[in-house]
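Each remark here refers to the structure printed beneath this line.
Each chain gets a letter, A, B, C and D, in the order it is written, and its residues are counted from 1.
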Amino acid sequence: MAISDLLILCAAGMLVTAYLMVGQKALVTAVRLYGFQSLLLGIVAATIAISQPRRELFVTAAITVALKAVLIPWFLTRLIDRIGIRREIEPFLNVPTSLLVCLGLTVVGYRVSTGFQEGALGVAHHLIGVALSMLLIGLFLMVTRKKAITQILALLTVENAVFLVAVGITPGMPLVVELGIAFDVILAVLVLGILVHRIVDRFESMDVSRLSKLKG
Amino acid sequence: MTPIISEIGRAFGFALLQAAGLLAVAPLLKTTIKKMKARLQNRQGPPLMQGYYDLAKLLRKEPVRSDVASWVFVAGPRVYFAAAVSATTLVPVLIDAAPLEMAGGILLLVGTLALGRFMLATAALDTGSAFGGMGASRDMTIAALAEPALMLGLFTSALAAGSLNLGSLVRTTLQGGVTFHPSDFLAFAGLFIIVIAETGRIPVDNPATHLELTMIHEAMILEYAGPDLALVEWASAVKELLYLTLLVDLFVPAGIATSLAPLAIVVALLAWAGKVLVLAMAVTVTESTNAKLRLFRVPELVSISLGLAFLALAIRFL
Amino acid sequence: MNLLVWTLAVPLATAAIGALNGPRKFKEAVMIGGLAITFVLCIATTRQFLGGAIPAAFGEALRVDGLSALVVVLSGFVGLLSGTYAVGYLRRNEARNLVTPRMRREIHGLLPAYVFATLLVSMTNNLGIMWIAVELTTLASVFLITFHDRDTSLEAAWKFLVLGSLGLGFALLGIVLLFAAGEEHLGEGLSALNWTRFMQVAPSLHPFTLRLGVVFALIGYGTKAGLAPMHTWKPDAYREAPSPAGVLMAVGMLNGALYCVLRIHLISNAALGPAFSGDLLLTLGLLSVFIATPFILVQWNLKRLLAYSSIEHVGIMAVGIGLGGEAGAFGALLHMTYHSLAKPVAFFSAGTLAQLHSSSNFDRIGTGTVSRAPIASGLLVLATLMITGSPPFGLFFSEMVILKAGFGSQHVTATTLFLAALIVLFCGFVFQIGRLVLGPPRDPKDRRVPKAEQFDLSMATVIVAAILASISAFYLPASLLALIHAATQVVWGTA
Amino acid sequence: MIERWAWWSVRRVATWGCGGELSSRTEYTATAFSKPLTMIFRAIYRPTRQVETLAQVSSYFTQEVRYRSEIEPTFERYVYGPLLRGVLRVANGMKVLQAGSLHAYLAYVLVLGVLLLVWLGGTK
């Protein structure tokens, strides 16, 4: 199986996980889906590191897998256990309609990606298409879901999409910058987690739509 | 730097010359109109020099001022006179360029005249007599009606010539050759009515009477005597001459000199005098054939003039 | 060590010391001293820049050109102002035991950290480090917003962080795409992401990827700057944050985010010509001004009013940059300078008023505050005149320059709408503050007696800031003016 | 020139009031001054008049006559009033934009993102 097929497979896999996340009700499964998605991202990074003379990608792949596939899901699951709210309450849009909207967003993402010139591996077009669609789907997930944890997951999906682009088509972002960005993402998740704790202590629920006192 | 100073110096020189010239001729115009009116009523009428005799007499007399009047009463005639004289420098008379035309165009002209009118009205109120109050109130009412129509009339012809500056306005109409666009007649008629209103001629105000109920301009200057009265009389005469010259410039500038050659100046002088005389005759005829309108009929007259000006505007640009 | 490194090290050290607990007097002295030294170092950097040498460190990763020098000096100034004001602010709150020593430590640690982050943003030449620095400011602001730990501050912090992280996600995608557009031209290693490298390589960047990257980057940094429609977090965040932190966010972060927007705008200018990102910025700017107008007219809270005013000012600057041309760029930068001078006065006086009445809602403060707090109300009125761009003050001139640029360009209708919005904003703002300050005094039986206004360090800072802001209207120090011109050269001319 | 010569011999005389004594009652007040204008522009000013005659014994022996006239503040009532109310109504209408729900705020960014992507997609 050629390298580019593997890449496209992994990218498609990530897109499918994003779709599943939209259709998902239980929080824990959503976190596991996110973990799997990060794993796929790690695989993409590793395959590109092998096929191209970009050794530092191995480091990025290792960080991605370690941080995003393992650490963050563990942190989020521990958060869910501590809070004890397991199921997503009824979102704004029911699942079938939100899936339809996701399809629409994917079409938009792909339409834009056709503008890219053929990357070195001829894969750029697909990677960009998947990344943009995942970005839009992540944003859509944030708009329709009420649970704070799901919003964090959506944010991380957006973050994964950006990393997919960072890994996929560029000839390798400087390592220091990638480390800095990974570190910042972890910090952001940490702070989000602290905030969720304080929100849950104060409002006894993770329902973000209840947070709407500040008007006008 | 020096060329500019000499340039300004020359302009001011011309301005003084023109102002002095118009000042000299103004009383003559007033008395000619009186004489023509008398002729129509087959009376003898005053001698042509009567205007100058009156001014000389008044200048020699002792100024009488009311004991309650403040400095405004004194300042009134002087500002009125100064406004009238400075307005004359903005209008081309013999040459196709006004001496101080770079200072401003139609707006400055109307503004200066309005300043004079305002100052006279305030001075009239200063004496506290009922006449001054009535005169000022009526004058201001007519001004409120006439000035918009005046501006519109002037703008119509200015738009045709493409500039507000009277000098260039005359030059463009001259270059354009003597073409009588139908809107010129309408604009001329509209402006003629306004000139009658502004100079206080019969249909709007009766200059010859001191009858309390009918006089407007006269009521304002009732309290003045001696030099103050002389200043006001002289200024209103110059104003009238200025309005007539304005009408001539806007509509029939033919004959005006385009260079400083003495021959051209003489020709321009004759042409200008003739045209102003013709206009004076028109004024006399309107004065003799019309009765004075009641104050609340004046808006109708002015609305006719506004209508004419709008029509002229519409015709020219549609 | 290099001057730039010192300018960054001092606030970092102040933050570190501030975070430890120690005697109050010592902590306050450290904070004010640290921020004062930072400000002096910022001036030294700009002086070095004006002297002709381009200060740089870490192999061009930190590089100060005209634009960054201006933002550095403004951030340093605002940092010092908010530091000194924070001392008085904390003392007053502590006297009314609203602030525990732990919270005080938080402020002593976070304010200098915030200044460090904004300085890092404005100094860095590397787009990657710039992104990380902006992320740091976001994280620092979250803890500043949850300082008072009210229900609403949690809500504001959550919205701030979610929208902020989303914006930064977009910005990161923008930078990645910009980098992708450069491919092999940009070279290897950390310096590949340098802004100067991008400018050299600009014509050979792949247009479509660049266009996509510029759009995402502008949306991302636009969110941090508070451009509409991504501005929604700003009113909530400014209401909850304590006023010294509010000023840092309203001026420091705003200048920093605009600095990033400008860097991206310049790359797009060099590669695609001013039309592309100029029009985008113009639309976002106009949108911000139009969205801010109604909320200022019918506002119910003093700090939110100032938040919408800073959204409006970001809009004005974005319009200035969007219009492009020498006048547009100069107008926007002049606006940024005067805004950084005038806005702290407004925030501080509003903060004092809110603190005396222990609430920033108009109905809780009541009208006619001039009788109860004359100095603060007077300063607030002065600040309002400055912010709304009334003639004698500086913002009037910058708005005039921008309007001149607007009417000069082919966006005449947009500029007329922009002018109309400015007028309505002026009326709304003056009406609100007028009613608040000069309205009928509160009925005596209202039991909430506001605290008496005492003259302390923070009041002195506000007065000094007000004096500086008013002087700046008539006399700008020559070096500051030279700096603005140098910055305009960068934004418009041959940087 | 005229000023210098005439200044020293000014005669001060009472204002001429048609022979009758001049008092504040014969003077032109502001209402009188503006009366012609308000009458001409009746449609805009809409002057109103109220005359009350007070008489105890019989209506023939009036003690007091009260005259009260007003002109209608046309501009405030017909121009500025509606304008202000309209602007404030629009402003209140726009308040719904910032109604507190984070989801709405995120939706704004999503819509903006999609619009820009569609627009960018177009300009290949």
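Assume a residue touches a chain if its C-beta (ideal position, glycine included) is under 8 Å from a C-beta of that chain, and two chains touch if they have at least 3 such contacts.
All values reported here derive from a predicted model rather than from experimental measurement.
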item: Of B-D and A-D, pair with higher C-beta contact tally; value: B-D
item: Between chain A and chain D, centroid-to-centroid distance (C-alpha), Å; value: 63
item: Gap in Å, rounded to a whole number, between the CA centres of chain C and chain A; value: 31
item: Whole-Å separation of chain centres (CA-atom averages), chain B against chain C; value: 62
item: Multi-partner residues of chain C (at least 2 other chains); value: 158-159, 162, 166, 208, 212, 235, 295, 298
item: Overlap residues in chain D, where contacts from two or more other chains coincide; value: 95, 98, 102, 106, 109, 113, 120, 124
item: Set of chain B residues in contact with two or more other chains; value: none
item: Topology of the chain contact graph, where touching chains are joined (line, ring, star, complete, other); value: other
item: Residues on chain D engaged by chain B in the complex (per definition of touch); value: 2-3, 5-6, 9-18, 22, 26-28, 32-37, 39-40
item: Contact set on chain C toward chain D in their complex; value: 158-159, 162-163, 166-167, 170, 208, 211-212, 215, 219, 223, 229-230, 232-233, 235, 291, 293-295, 297-298, 424
item: Contact set on chain B toward chain D in their complex; value: 59, 62-69, 78, 125, 127-134, 136-138, 140-141, 144-145, 212, 222-223, 226-227, 230-231, 295-296, 299
item: In the complex with chain C, residue positions of chain D that touch it; value: 87-88, 90-95, 97-98, 102, 104-106, 108-109, 111-113, 116, 120, 123-124
item: Chain D-touching residues of chain A, taken from the complex the two chains share; value: 92, 105, 108-109, 111-112, 114-115, 132, 135-136, 139-140, 142-144, 146, 208-209, 211-216
